[in-house]
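Order of writing sets the chain letters: A, B, C and D. Residues in each chain are counted from 1.
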Amino acid sequence: MRIAKHPILGEYEKGRKVKFYFDGKEMEGYEDEPIAAALRAAGVTTHRHTRRNGRPRGIFCAIGRCTDCVMVVDGEINVRTCITPLKEGMRVQTQYGLSAKEGTEE
Amino acid sequence: MSSKEVRKSDIIIIGSGAVGNAAAYFLSSAGRSVTVLEKDTVGNGSSVRNGGQNKMNTRGEPELSLGMYGVTEIWPRLQKELDVDIEFRKTGGYRNALTDDEMENMQKFWPIAKKYGMHIEYMDGTELRKRVPQFSERIAGAAHCEEDTWSNPLKTTLGLYSKARALGAKYYDHEKAVSIETVKGRAKRVVTECGHIYEADKICITACFGSRALLNSVSLDVPFTHALCEIFVTEPVPRILDEIFIGSKGGYYGTQTIHGSIVMGGGSRIGAFQREGNHVEFTLTPDNVPSGIKGLTDLFPSLENIKIVRSWSGWHDRTPDDMCCIEAIDEIPGLYAACGFSGHGFGISAPVGKVLSELMLEQPLGADISKLKFNRFMPIDAFTGDDRKR
Amino acid sequence: MEYKVFDRTKPIGEFTAQPDDDLIICRCEEITKGEIRKAVYDGMYTINEIKRYLRAGMGLCQGLTCGRNVKDIVARELGISPAELEEATPRPPARPVTAKVYADCRGEED
Amino acid sequence: MKRYDLIVIGAGPAGLSAAIEGAKAGMRTALFDENEKPGGQLFKQIHKFFGSKEHKAKIRGINIGGELLKEAETAGVEVHLSSTVIGIYPEKCISVNRGDHIENYRAEAIIVATGAAERMIPFKGWDLPGVLGAGAAQTMMNLHGVMPGNKIVMMGTGNVGLVVSFQLLQAGCQVEALIDAAPRVGGYGVHAAKVARTGVPFYLSHTIVEAKGTDHVESVVIGQVDEKFRIIPGTEKEMEADTVCVAVGLNPMSQLVRMTGCEMKEVGGLVPACDEYGATSIPGIFAAGDVSGIEEASSAMIEGHITGLAAAKYAGWIEEDTFKTQVEERTASLEKLRQGMFAPQNKGKKIEKTDEGLPVSASLLERGYMDANEMETYPGVVKKEGVHPVIECSQNIPCDPCQEACPFGCIKVGERITDLPAVTEDSVCKNCGACVAACPGQAIFLVNEDEDGTYGTVTLPYEFLPLPQAGDRGKGLDRSGRPVCDAEVVKVQDTNAFDKTAVLTMRVPREYAMTARFFKKEV
């Protein structure tokens, strides 16, 4: 789902390729791109399940305002993935209510 | 309403905070017609600008009877009777001391607590951290008080309003009472800023620091001052602590609510830039909230990685002895007042409202308020500089 | 601007259910249209009251997403224009801030 | 506390422009923005801007952003990125989150230029992953190079909805439909036409009933609405889609400016009550750009300059005379942009006739493209022998690059910037394609109605990949995107001067020369 070449923007400037973990599964993205972009490119769209109704949620505003795309990142809950830069080895987990599901760590 | 028309009811309450709304609720339940006048919008003052705690362990003795009345009877009753969940819980609470001196000082409260049927347990830092490992190594000791409670200030204030209104209490917003008038020596009328006149046989002032000007209108006074308090709240996090906690002498406090967010607050004692026009919706200098957060993360280091989502502030009406005033005012029959809560009023708002209703209904009082009279304040002893009380 | 405060003594009728009452309005706290409508009939006539009573607009995003929609719903129930309702008070921090960061406050030195 | 002469919050078009003026006046100016990159929305705006040369017309937003940033740095503005202003306090003081700590600053004047946020409307399933703001989609594809989805339904036909739809197509997504509850297209007709001619259907007087799916949007149900915006039962229609983009307007981001306690007013969004130079009711606090009322980026830039000057005057850095002359110039330029059918004063008005007295194309407003038989009403559409420009520009908008683009004087806009462009009578078109590439609305075509008795040629703007090559065969699509004839590409021009708008000439049967407006390669 990445845009290989854009008619106006040409090729995108990206950081180096890095590995990260989504619910324990190894994935690849580019360093310093938002976590959400790397996940979307990898086909992941559900970032969390809500606390009250367990509804799936994903990217909504993409600029850090709506807080819908929050996930557990390196153990910290409620991290806005659309504005948090991806780093090598990051552990990104689907957030269920206020925590990750046990057993999705590695 | 034309300016000539007079709105009549049995009782007028000035101020729709938790105390005023509680009084309105109990009086309406007793079948009285009640009018509530509010200068702003319902419950937009200190009742929604506090941490929700009832810190029994730090109350002065004259307030303890009211406090216990709340803990044992009134709060549990509201939890059942109101249509909203006010989240009342007998959480218990930890009050911390940083030094042995502070610890010793805290222990002086024990005989008083015992007299009022409170259960306090003192422990050293090691024992405290055994129970709550998150507390800082710097804490020398703590007192745990079983009677400390918590309720949601927003839902309490609005839940009381909603129920009182459903029972027929009439609420008027943006109706700022400016003076009280007497007829034949009795309190009878309230005149508002826009010239409206309200009439009742009983008038009750529960207007926080606005109370002073109203009392002045009938040549009474209570010497309280403004003090700024700050509150801040975190994102919801998985449960860390059930008890409320109170810092050492800095006075900052916190509670994890049922929702999971941690509500914390205190007073930085910096209230700079209090000039006309500067509004206090959220604190007056940018240093106040960070300093409070610093204090609380020092107390409770695991708070460090939790996000703060909102901060706001409000005024205390602070009396010289940090205790409230509540009474049926002898000098002017028909006039009742409760104010000067000095930053810890919400915890006793429900019993105060109940006692006010008892005063107005001429019923036996559920709590002893004899030491909370308005005229207790006297100039200091000019020779020794000591406080004096009537 | 002066916000008109609705006369709280004037009856606004009874709450009646609507087919889309289960629609989520406040996405953070998952507050529905029905809950907001019902709160108006419980006496919550200002946006701050709705927020305090229901937590609508009090979640992680602090009402940035739902503020406008809550205002529209409340205004409709009260039969007034949304412009007559004051929005919930904006409060710092404008974005969530980790306590550790917030506590490290500098700026005294030039 | 560190004290600046001027603090500007928000490094978008308005904030950058304001900071430039402050710094030029000699003020020690700091500019704060929460984003990693400056430019606000400019770096997502990959289309060419409308306006005149003085408004940086026909330059793409991204390039304007770069220019502004350079100008700010040259002027000496301290630009602080990834620096979120979290609060404004009394006495002109701000708190800034610098990443690992908070810093407080004070200034003689503060300009709030925090821009706007997308407005959202709730519908059943609007919280499913796959439903997102149109601006969010723009961020994903233009900043991060990731497609927001494959099959997209766009809700809203204002300029944002139209422009983002086109950008989605450019990114390689499929746009299934454009939906709007209003009975008429809200944005510029030319923006609608360039989307419609690729084959995207417009559903006016329609709304989204529901986004369906379990973990993600799988389909979208739309339905027709009556004049009170209620869904007419029985009109529901389900379409397969994995993404819904919502573009129903913007809300000023007034949170920070409201913390000052300044007076606010409601103008389709809550904005500070400002004087004509952006001063709020609190002395020393100013507002500029979308936060003080939603407009185009071009207007925001001028507003920024004016407010920057006002702040400089307030703090005593420029004299009244200098202020007056400079502001007058800027105001005149702003006034030019605030003309025409889409001017702020015409918002919500139903305009039936152009300034020239011509009827506004009903088809354009209802379906997104003009009917062939409406065409010849407009002064840009003439039939002539040989190659000639056909300017399918039918609304009075403030824009005139076409007139300057033609080196041979074939195009004339007239007295006012909003007048409809006309093809001059005696001019000779040399088929250079400059006007085709210059038109920000992609509304100019070079047509030879009859090349040799059998074929005609159509030269059109093309901003998609892969770029067709001469010799490619395919279909000519009409203005609605319907394939109408066979077509063969005969020439493709893609020079630097055209700034990435390729100019493609296709040969079509001559009876389709005034009909075919897009090329689709045979696969």
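The definition used in the following text is that a residue touches a chain if its C-beta (ideal position, glycine included) is under 8 Å from a C-beta of that chain, and two chains touch if they have at least 3 such contacts.
Here the structure is a predicted model, which is why all the values come from computation and not from measurement.
A count of contacting C-beta pairs for A-D and for A-C identifies A-D as the more extensively joined pair. Innermost chain of the displayed assembly, by C-alpha centre distance to the whole-protein C-alpha centre, is C. Centroids of chain A and chain C (each the mean of its C-alpha atoms) stand 29 Å apart. For this pair, chain C with chain D, the centres built from the Cα atoms lie 31 Å apart.
Between chain A and chain B, the centres computed from C-alpha atoms are 44 Å apart. Residue positions of chain D touching 2 or more other chains, listed in rising order: 34, 87, 95, 102, 104, 117, 127, 259. Under the contact definition stated at the top, the residues of chain A that touch 2 or more other chains are 50-51, 55, 57, 60-61, 64-65, 68, 78. Multi-chain contact residues of chain B (touching two or more other chains): 235, 281-282, 286-287, 290, 305, 307.
In terms of which chains touch, the assembly is arranged so that all chains touch all other chains. The touching residues of chain A, when paired with chain D in their complex, are 1-3, 5-9, 12, 14, 33-34, 37, 40-41, 45-47, 50, 55-65, 68, 82, 85.
Taken together, the chain A residues at the contact with chain B in this complex read 51, 76-78, 98-99.
Residues of chain B that touch chain C in their complex: 41-44, 48, 83-84, 154-155, 157-159, 161-162, 165-166, 170-174, 234-235, 259, 281-282, 286-287, 289-291, 293-294, 296-297, 303-312. Residue ranges on chain C touching chain B, taken from their complex, read 5-9, 42-46, 48-49, 52-53, 55, 58, 60, 62, 89, 91-93, 96-100, 102-105, 107. Interface residues of chain D, counted against chain A in their complex, comprise 34-36, 46, 60, 62, 117-118, 127-133, 135-137, 139-142, 144-148, 150, 170-172, 214-216, 463-465, 467, 500.
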